[in-house]
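Shared chain: subunit A. Partners: subunit B in the first complex, subunit C in the second.
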Partner chain A sequence: MNVKITDYPYRYKAFNLNVFSQLPVAGLAEHECEKPDIIIREGVIPEAITNPLNKGVLFQAGAEEFLLKVDGLAKFYVQKGETITVEITNKDSGDDISAFILGTVFGALLHQRRLLPLHGSAVLYQEKGIVFSGNSGAGKSTIAAAFLEKGAQLLADDISLIGFNNNEAQVIPAFPGMKIWEDSLKVLGKKPDKYNPIRKNLKKYLYPVETFHTKEAAISHIFIIGTHNLETFEIAGLQGIEKFNALKNNTYFFRGMNKTGILEKHFQLCNMLAPKVKITRIVRPNGGFMVEKLAEIILEKLAEN
Partner chain B sequence: MGEKGKGLKIAGSTVLQRRQNQLFSEIDGEVVMLSVENSEYYGMDTVGSRIWQLLENPLSFKSLVDALLEEYEVTEEQCTANTHTFIEQLAEKGLVEINSPNLPK
Partner chain C sequence: MSNKKNIVWLASYPKSGNTWFRIFLTNLLEDGDEPADINALYPTTIASSRSLFDEAAGVPSSDLTQDEVERLRPQVYRYMSEITSETIYHKIHDAWITLSDETPLIPGDITKAVLYFVRNPLDIAVSFAHHSATSIDKAIDMMNDPAFAFCSRENKLHNQTRQRLLTWSLHVTSWTDRSGLPLHIIRYEDMLTDTFNTFKKAIVFIGLNYPDEKILKALEFSSFEKIKSQEQEKGFREKAAKSVSFFRKGIAGDWQRTLTPEQVNRIVSNHGNMMERFGYLPT
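Here is the complex of A and B:
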């Protein structure tokens, strides 16, 4: 990509990609690099994209374009997996903007690059790459944070990018930060007043991580966490098409991008990953998050092979 | 039987053939498929996956049922009925082509 590098004072690395930015992005690791894979710039954004294939309340996605409009904050426009343009409406909301960039915006960008981002947090624990996946509120970040306390290193929070090197399936390190809800901090025995909220009036906090793993790690297990109305934990190892469906259903922002031409590559990547990883579904009681009990179950599964 | 399936004529001599507009893969012996035309994923259970494997080359409906009867403990009547339904579903989704030699195309 040809850009005038002096226009981009902020340099980062995220998902193994060099990022040149005109705006500071809270949460990304600074990284000196000469050539960008991605640029983030300020600019004016079209009201609509030309040929939307997926549409939601806040977004439109086309073959090579993605537009996200957040009222009272900013508009975001992603092109060809390379360029993120931000049109800021509210000048006093840098961290909020960063949070959107590192969430949906990067999710769309990774899909445009025809990669496989899973909705989940990942750690490296005893040389095993582990992804904790599941719906929002399932406890992905919380269980990842619990593993950090056990000596694991963080690979990713919320978006776990899968890559392949020769025959090995890997988790690509994302960026060294986590976002944790107030309730989850309490579950982990932490005091919320010691942390900074990621957005104003949101009880979700930046959770500093000292042990970030900066290299790709071979992935060995995916745990799909769910909740139910029962007092019991339900544990099931997945096989065959269940594995495929689990990967599909836990692909980050899949329903926002599935009509934009990603399917052939997505299908291929899910099928490359499935045989290389053990996938276990764990359904936990929805009342009172027993994170230690969940960790215990996961440790038993990890010890099985 | 689905509404769309009612128009299909499948007899013993009907030749079944995979269409070329899909990608498929196997995980633990189960077939997952992407129909490029429909932009949809499909998964098949063990028997469905076996049928898909048997359709690697064009095959008459009767030969397909015969092959399944050799592998599964099921009555011919049951096997014919279930296979018929499954083939109809595949045809509705445009995953197999049905060529009946007796019928005008």
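Here is the complex of A and C:
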């Protein structure tokens, strides 16, 4: 990508991609580099995509373009997996912009690059790449943070990008931060007032991680975490088509890809990953997050191999 | 967006017969040879589901404030309505409220019908206390609190988005008097005492046409004894985490053996007018 370097004062690395940005992005690791893989710039964005193939309440998507409109804050336009244009509609938005860039916007961009982003947090623990996946509220970040306390290194939070190298499936390091809610910080023995909220009016904080692993790590296990209103833990190892379905269902922003022509490649990637990884579904009690008990179960499953 | 009227809302204050009806509806629509699994009910996703919101919005609700989520919820329902030609059923415990710009949370232009379940608040107090694993006095406090809402604490990610219930009386009047939606009221007590006719009228109102024998079979498969024994055997996913069981007694009038005169007074003094309307005032 040919750009004028001086136009982009902020340089980062995320998901092993060099990012040149005209805006600061809270949470990303600064990284000096000469050529960008991705640029983030400010600009005027059209109200709508011409002939969108897929639409949701806040987004429109085509195969190579994606538009996200957050009323009263900003619009985001992602093209060809390379360019993110941000039109700020509220001058007081501050770091709020970063929260959306690191979430839906990056998710759409990774899909445009025909990659495999899973909805989950990932750590490197005893040389094993482990992804904790599941719906919002399942406790992905909290269990990942608990593993950091046990000596693991962070690979990713919320979006775990999977890559392939010489037939090995790997987790690609994302950026050295996590988004953690106030009550989870307390469960982890941390004081919320030491951290910056990811958005002004949200009690969800950017939790910087010093033990960030900056290289790809071979993926060993994926734990799909769910919750139910029973007091018991349910644990099930997945096999065959169940694994494919689990990967598909736990893809980050899967709905955003519908009808955009991206799905076929995505299913190929899920098929490539499924035989290379152990997938275990764990359903935990909803009442009170027994993070240590969950960690114990995961450690037992890891020790089985 | 097209405006198809294809959403049926199964609306109620908690503990008013909504889940019983959903189990009956599952048995009716699935028409199996044995009772439907209470842990695999026909999709009647609660309207406050976080997954429902996240899928439709394209931005995770966990990156939005509760007020932002609330403002977007009508658009989420319009989106869900638009992407299917089928009838969608949503359970809902929110009161029928309007947002800061006076638009209703529940859009009329996509609403096919509302079934509103109402129950004697004296019995709700007892049942709600068990459900919430709290004291009856605290349950009454919640029912009397105009600001009462589920999932409203802002320091954590709840599994559902915030639901404003208001007081019991305000909940009832919001749906039955203010919403202006095509609405059929079902008294829990009638579900118990005039079961067949009550359930039949409800399904006819929402446009379902089933012969009597199918309705009778679905009622048999969703009898209190059958669903209670299923819960005892396998548990019930929708039970509140701290409560002992979801399906407890399934009767009317339990309050007479449970509530103190003071507790009865606290409910009647707050909700007397609405109770009178539905024949719930103690004699």
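Some observations on this one:
Rule of thumb we're sticking to: the second predicted complex is superposed on the first by the 305 of 305 C-alpha atoms of A that agree within 3 Å, B and C clash if a C-alpha of one lies under 4 Å from a C-alpha of the other, contacts with A are read in each partner's own complex, and residues count from 1 in each chain.
Heads up, the rule we're going with is that contacts are C-beta pairs under 8 Å (C-beta built on N, C-alpha and C of every residue); 3 or more make two chains touch, one makes a residue touch a chain.
What you see is a predicted model, and the numbers here were worked out from it, not measured in a lab.
By the document's definition of touching, of the two partners only subunit B reaches A:Q239; subunit C does not.
Of the two partner chains placed by superposition, only subunit B is touched by A:K248; subunit C is not. Between subunit B and subunit C, it is C that contacts the larger number of residues in subunit A. Of the two partner chains, subunit B is the only one that A:N271 touches; subunit C does not reach it. Of the two partner chains, subunit C is the only one touched by A:V70; subunit B is not. Legend: residue contacts after superposition of the two complexes on their common chain; A:L263 is shown touching subunit B, with no touch to subunit C. When the two complexes are laid over each other on chain A, subunit A has no residue in contact with both subunit B and subunit C.
Taken together, the subunit B residues at the contact with subunit A in this complex read 23, 25, 27-32, 34, 36, 39, 41, 43-45. Considering their complex, residues 239-241, 243-245, 248, 258-259, 263-264, 267-268, 271, 274-275 of subunit A touch subunit B. Residues 50-51, 54-65, 72, 75-76, 79, 154-159, 235-242 of subunit C are the ones that touch subunit A when the two sit in their complex. Looking at the complex, you find that subunit A touches subunit C at residues 56-59, 68, 70, 99-100, 103-104, 135-137, 181-184, 198-199, 201-204, 227-232, 253, 255-256, 285-288.
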